[in-house]
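Letters are used for the chains, namely A, B, C and D, taken in the order the chains are written, and counting of residues starts over at 1 for each.
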């Protein structure tokens, strides 16, 4: 008797949950410790709405994951939502009519009113319609320094790039790699792109990447940047790691002095239980030119046939942008929320620095947003070669650099 | 009644003509041997008759039915191969019944036929063995049995005895002959062995270069070859040839040797001075016989080759080598002077140009 | 007597079953291989980015391709890797097979040991060898630990020898199969050949080189197809071991194709690179394949 | 080398009577077995390192050397690799992928071998007009890098409506396994005496009858070879598994890649090695079980041609 009752109760429970819960498959390439913890916040928030987040993580970074995403979308078997770096990566998918238009929802919820900086939504906009949900702001312009490494080498922790370069010989003498850069191509390009505004200033940066001004790219300002890159190359000569977070790990463990890496590295320090200002330092704009780039990740929603799922996509989009989720997610991820109206009391030193700069408006667009992936890849090829080939002079490299900029569209 | 009829059959592999407008007419119950050197097209012809090769042009009839484009199984033939071609994974019984099962014959009928074939070929004790456990001779019996159970009018043999040793070959040869007498169906048999051909055939088709040169009884082929090729191919040891010409009257003359041709039956009259080859078989030349031959000469013995019952004596007639076959007990020694003689009636004369019989 | 003429049936319906059974093969050959190739070639003349689109730009993609240092480096690397890999796999595979063919004891144990890496994927192979060749953990670390402090064996981080680091791993994975093929070939050689060679007093190496190897032609053909197709396609191993680095020292064409098609989102460029690869393959393989496999129709 | 081998035999001539002397430590034997043992070490070393590493804890890996046996054996990396290693939010280790791999491999192997063997049979025994052209295309196809074909195949699968399904993936494996397997089967069937085929035709067996009743029962060795090649190839496949399926059906290799490439802090080499070994286990077992037949089958499929 009781058993039957129980069974009936169970049946009704599962029935109701079936009726309202929709499984949405979300694909992304966040698999490092900090990233996975951040994604878990999204999943928790979405599951709380009575739906179910089906995680489709693919490790190995965007270059491994993106082909899979694109194949599935064009192959007619799309996921419900997928990560892309926002900017031009998904442009053509939108133009081909494969992605969902979220303008209506954006207007209803007033995204334009709280997304800061508003330019983030521009990256999602094609022909006046909004096609993606920006979820965080990442900036590249950070130099992470290990206090332990400098203590071991017996030199004070540098305050800017030049001091860092000057400290390199002392670090090397102590058997410490001055600068950790992973073998993946984007890390090299990223580091170079950080050097441009820090060494040559915001104007030069915009002329090169926004206006694609070949003359500037070949000019003396960029030549200085290449000189700095040459220093970086020498300092990174002995860093035998591939992944960015392995490089970060070298800094965490004091085997390397520093690393030029985006703010997502902060997540790794956090997971390792390190405290900003005590165990490590962060210098935005390499401590030279305090500005940060505004880039980040966004979620795109392919058009689906299933009505239930289409509805749930909207729920997911709202959840991702909601204030509590934004805070929870970005704290774990080490990035800055896209909402200007959230309280980040919980933010640590480094993140507060970033928020300050953001508030002052000292921002530049993220190079990947300005370039096509094709151009980004050509730059990757160039810097991979440059960093690995000591015999390649900065002058030669600059010539090819200017060439790529000239041909970019 | 005609059993197998081949009309104007040609077969090309690309640019190579393997069979050239070939005609063959095999009577009901006849044992026909296709004989020729390798590459003459005899196996190809047999495969065409079996339907294992698609012909280029021409027609094939079996028992009055046009089977040119029929499947092999529908032609009413059975076939025995040189390598036996037994299915290695099946028992002897399985091998014998495979074709019958494919034809969906009732079980008891299959059993009856296998029992009969096994009895005829004396392979009853082997029925449950696999081919790998059989000797060569046993395998070939099974292969014959496989054709036998099909209960067909035409048997095709593709050099069935070539893989056997000499003793077994002779045994099975007799057995095939006995089988033919017992069953009285049509058999077409390909071989390059002229003893098999001579002993088995009702008629022999001698082939060369995709054409049948002569199709006749073994005796006719032996005694009256239609051309120089057939004459040279048939007979072991081979026919002696003297190159020369027809001299005035009816004499063959070749560097100093004159042979009167009065008794020779010409197939067609030669012109005077025509270049011809004169052929005489070694066994038709007599040595020191003492008899009076239309042609005789005294020659010196070069080499003596004893072959058991017979001995081949090599001499020179003019500048040509001449072999003479004598019983071994009358063997001369090398260097002896001997008398030879023969009757030109038993000779064959061929045109030196087209090789045709004169 | 029957003399009616039977017409040659429509040749399409001869051996109909054989043709029906071959439909999957014909479709694969025509639709996937030929169709896919033609499609690729056509789109290599367009400026397709993320999605294929038919906006023709002539030879632009090819001009760019041949002026890209990374592509040129890839080609060079593949040539070096290909030649070395062919020579070493064939030589090592053959020598090992010859050794195993000496009627030795424990033959099957040795054979198993040499062949087992074949069961592992290139990804796994790449990972293991990356680990073994890592200077901080692997062979170099070990030898230095034994007291030879100056010992340097760091192929994966040295541009000039990185290709050998990959070769070591590739040979580890692939020679077993080659050895097996060669062994099978040796076993197919008539014993009498060896007797004849011994009676003639021909030294063993000469017998192998001038008599046995020429007799093993079909084996070499099959082996060559397997090795060569693997060389042209090499990708996973490089990605797992070095990601093409250091610099462009271990970049290969297949990786260039993949990177430009998918991560650079420049399909046109990727297609142009694949077309060049296909063209090379066609020039080398088609005449040979046709001679090898096309001329057999006349048998029987 | 040649001399060593030849000089080991004269004893047979000197002492025609009595047992042949056995010299275990002849120069030839020392050379022969010495070489083989050194070679074996090269082949075994990575496996040894994988096993040893997978049984160590991380501290030991960081400070010890790779060749040292574990001081303290721990099976934790194996447990972690199998059941708790994380990718993104999924912390089920490889276990999730194992059955997916089985589900993908079994039908793919069966279908691809069935089709390749029929191709080989049709090519070797029936030789219809034009067959060799298709075969040549197929062989050339063996040289096409898989990456090149990803896009066309996405389109083909989409048009057939089977993108993302198991059927689609089986089809892809069948297509890419076809060239080499067809070549092997064709060579094998060509080595079967032609008269056997003719005899079967006279016996009234058709295309399928000969295939199933005559050829198939004779072809165990070559089927074993094809099976090993396909099982290893399909089980180890990463590219097709990740591009043409969806996360809930990802094969084990995708999980392996995820585990190995999801670096959370330090690379956990021990877990990576355990995961690697676990993934390689199935093809390794298949190979060890049927290794003997493999050599025999290779002999039949590659030697004659």
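Please note the rule applied: contacts are C-beta pairs under 8 Å (C-beta built on N, C-alpha and C of every residue); 3 or more make two chains touch, one makes a residue touch a chain.
Since this is a predicted model, take the numbers as computed values, not measurements.
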Touching both chain A and chain B (chains): C, D
Top chain pair, ranked by how many C-beta pairs fall in contact: C-D
Reference chain D; chain at largest CA-centroid distance: B
Between chain C and chain B, distance of the C-alpha-averaged centres to the nearest whole Å: 53
Distance from chain D to chain B - Cα centre to Cα centre, in angstrom: 54
Chain centre separation in whole Å, for chain D relative to chain A (CA means): 40
Touching two or more other chains - residue numbers and ranges from chain C: 14, 258, 261, 297, 300
Where chain B touches two or more other chains, by residue: none
Two or more partner chains touched - positions in chain D: 150-151, 206, 257, 260
Contact pairs between chains, per stated definition: A-C, A-D, B-C, B-D, C-D
In the complex, chain C residues that touch chain A: 49-51, 68-70, 134-136, 157, 159, 242-249, 258-266, 269
Residue ranges of chain B in contact with chain C within the complex: 2, 5, 7, 13-14, 16, 53-54, 59, 61, 64-66, 68-69
Chain C - residues contacting chain B, complex: 1-6, 8-9, 14, 297-298, 300
For the chain B and chain D complex, residues of the former touching the latter: 47, 50-52, 71-73, 77-79, 81-89, 98-99, 102-103, 143, 146, 150, 158
Residues on chain D engaged by chain C in the complex (per definition of touch): 1-3, 5-6, 32-33, 35-36, 39-40, 42-47, 49-50, 53, 61, 65-67, 115, 118-119, 121-123, 126-129, 131-153, 155-156, 174-175, 178-180, 182-184, 187, 194, 206-208, 232, 235-239, 253, 256-257, 260, 269, 272-273, 276, 279-280, 283-284, 286-288, 291-292, 294-296, 298-299, 301-305
